[in-house]
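What follows is a set of structures to go through.
You will see two complexes here that share chain A, one where it goes with chain B and one where it goes with chain C.
Right after this comes the complex of A and B.
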């Protein structure tokens, strides 16, 4: 049985080994970027059918960000929306026969978690400055600083492992069941996998929102004052 | 099959089996509490279910860690030599 923890190169592009998840990721990036370009090419004040659907998606993500982070959604909409749509399409790409979701290999998830890790620092520094961002680590007092730093690292790790574990275990179970009984039996499992994929995409983006929101908003007392105003 | 392989397979099985108990109990409790909250305050259902989802994901991570340990034991065992 092939180990789910390692990825084998599918073919070599010159000296560069390329694996299947990378190719699927490129395909998804192309599809998402191309689809967005096609849909937003001719925006009208009175939206057509496609534009209305697109607006529904963007509005929903926008509203979720505003409700979760309690700040204007504008600076985060592109990042969080891309996370959600990419993870969702990546998890659902197993619907296409012969394609394994790229999120089932740990490198993709590590890259996504790393982007969240960097985005937390960037947004925290952008909104509150270096001093304000670093003061986050001293909350509630200086004794907690090592634990806070440790938490920042482990939660990124947990973000990676969570997405990887969920998607990979689904792929693994379907593979095992397929090798035992090939006909119709894996279908309910695949349906469950679609549900898990959607929930994981939602959770990944909500956690990214929560982490960025925590870095942006600062100490609880401060946030309450700002909300009262 | 030598002793280390037998021990790793047993370890992997027990890691997942025992590691699933705690998160299952925790998830059951949190879902029950969320149901209770929604029944009392149906207008807060949105906030409650969003928080519930995030909390469930956090709890689930424990079980996922056990799964990863099991996979490491089975496929990337450092003691197999």
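Right after this comes the complex of A and C.
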């Protein structure tokens, strides 16, 4: 019996082992990108229902970024928006029979957390420079530098584990219940999993915004001065 | 727990690719259309603002024209008032002048009428006075009146100038006319008076002339002394503007 915590290749493409999460992710990428392409081909100033829904989603994410990070949302919109849409669709992909959400595998969550970790560094350095970014670790004093560095690592790790634990546990529980009691009993649990998936997508995105916003903002008041400039 | 690093790497790449795809196919187009709509709305607002400004400018222009019209109307009204006042003043002046002229003419007519009326009244008064004098004289005794007049005539002879006295003294005859006939003793008495004053040269002729109305006249060649009420009345009548009929009566008398 295979451990649900382990990911095994579904097949190999040459020397490259392709696992189920990667394949599902490709499917999700195809759906998201293709759907976006289809829906944004004929955008008009007078939007239809689909365009209005898309605009609502994008504007909501944009507004959330502005309110959370207190900076212009444009540089972060694609990254944060992709986090939210990908995690959400990945979590909800469990509704398709036979599909296991990619976020239920620790590699996907680790990849997401790794990207957040790198994005924090990249945007922190981009906005504040190396010195400014590194000075962030000395806040409030130099004695806190080891703890700040450790916090940077552990919070990315916690980001990964939080998403993985929530999604994997839901899939695991539904699988167990489904194997034990029958076909319709897991339905409430699946509905709950929908809510959990949406909440986890929101939490992951908000935490990514907070981390990147903290690196961009730096010491208290610094971002306000920068925005004023 | 085992981590498939291939899967981790592929998922990281997948997510990054998805970020690029969604940026390209979702976020950028949606933000672009939102920005375009915002720009269009801003353009519409700007156009509306421009139109509003133009409308306000037009309104201000209309208001300015209305004020100009009002000012022009006021000026025309003021000029009309001034012209009306001037014409009214001119008409009043003309009417006053006309009224003054008419009043002067009326005064002149009144003065003429008053003068004519006064002349008429004076003439009638003179006529009345003459009539009253005749009545009064009729009441007096003619002989006493004639004696009194003769005394007065004697006084006038005394007061004559020397030339007139000589003219009378050298006259052949002197006529003494009275309104009532003189008695012989009166005539004798008068002959003495004349002889005392003028000498015995002139011869006296006494005549009775009733038209003298209680009076006497002494008539020399070139001298006439009148002492009678008729003569006084004639002098008074000449002084008074007697009515024409009165004058005619006097002339006839």
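Everything below uses one rule, namely that the second predicted complex is superposed on the first by the 220 of 229 C-alpha atoms of A that agree within 3 Å, B and C clash if a C-alpha of one lies under 4 Å from a C-alpha of the other, contacts with A are read in each partner's own complex, and residues count from 1 in each chain.
Operating definition for what follows: a contact is a pair of C-beta atoms (placed from the backbone, for glycine too) under 8 Å apart; a residue touches a chain by one contact, two chains touch by 3 or more.
No experiment lies behind these values; they were computed from the predicted model shown.
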Contacts of A:52 with chain B and chain C, given as first, second, both or neither: neither
Comparison of chain B and chain C by chain A residues contacted: C
Contacts of A:192 with chain B and chain C, given as first, second, both or neither: neither
Contacts of A:16 with chain B and chain C, given as first, second, both or neither: second
A:5 touches, of chain B and chain C: first, second, both or neither? both
Which of chain B and chain C A:31 touches, first, second, both or neither: neither
Which superposed partner A:202 touches (first chain B, second chain C, both, neither): first
Partner chain(s) touched by A:68 [first = chain B, second = chain C, both, neither]: first
Partner chain(s) touched by A:149 [first = chain B, second = chain C, both, neither]: neither
Chain C-contacting residues of chain A that also contact chain B: 3, 5-6
Chain C residues within the chain A interface of the complex: 1-12, 14-23, 25-34, 36-37, 40
Residue ranges of chain A touching chain C (in the complex, touch as defined): 3, 5-9, 16-19, 21-22, 25-26, 28-29, 32-33, 36-37, 39-40, 43-45, 47, 51, 54-55, 58-59, 62, 74, 77-79, 81-82, 85-86, 102, 105-108, 110-112, 114-115
Chain B - residues contacting chain A, complex: 46-47, 50, 53-54, 57, 60-61, 64-65, 67-68, 71-72, 75-76
In the complex, chain A residues that touch chain B: 3-6, 64, 67-68, 158, 161-162, 164-166, 169, 199, 202-203, 206-207, 210
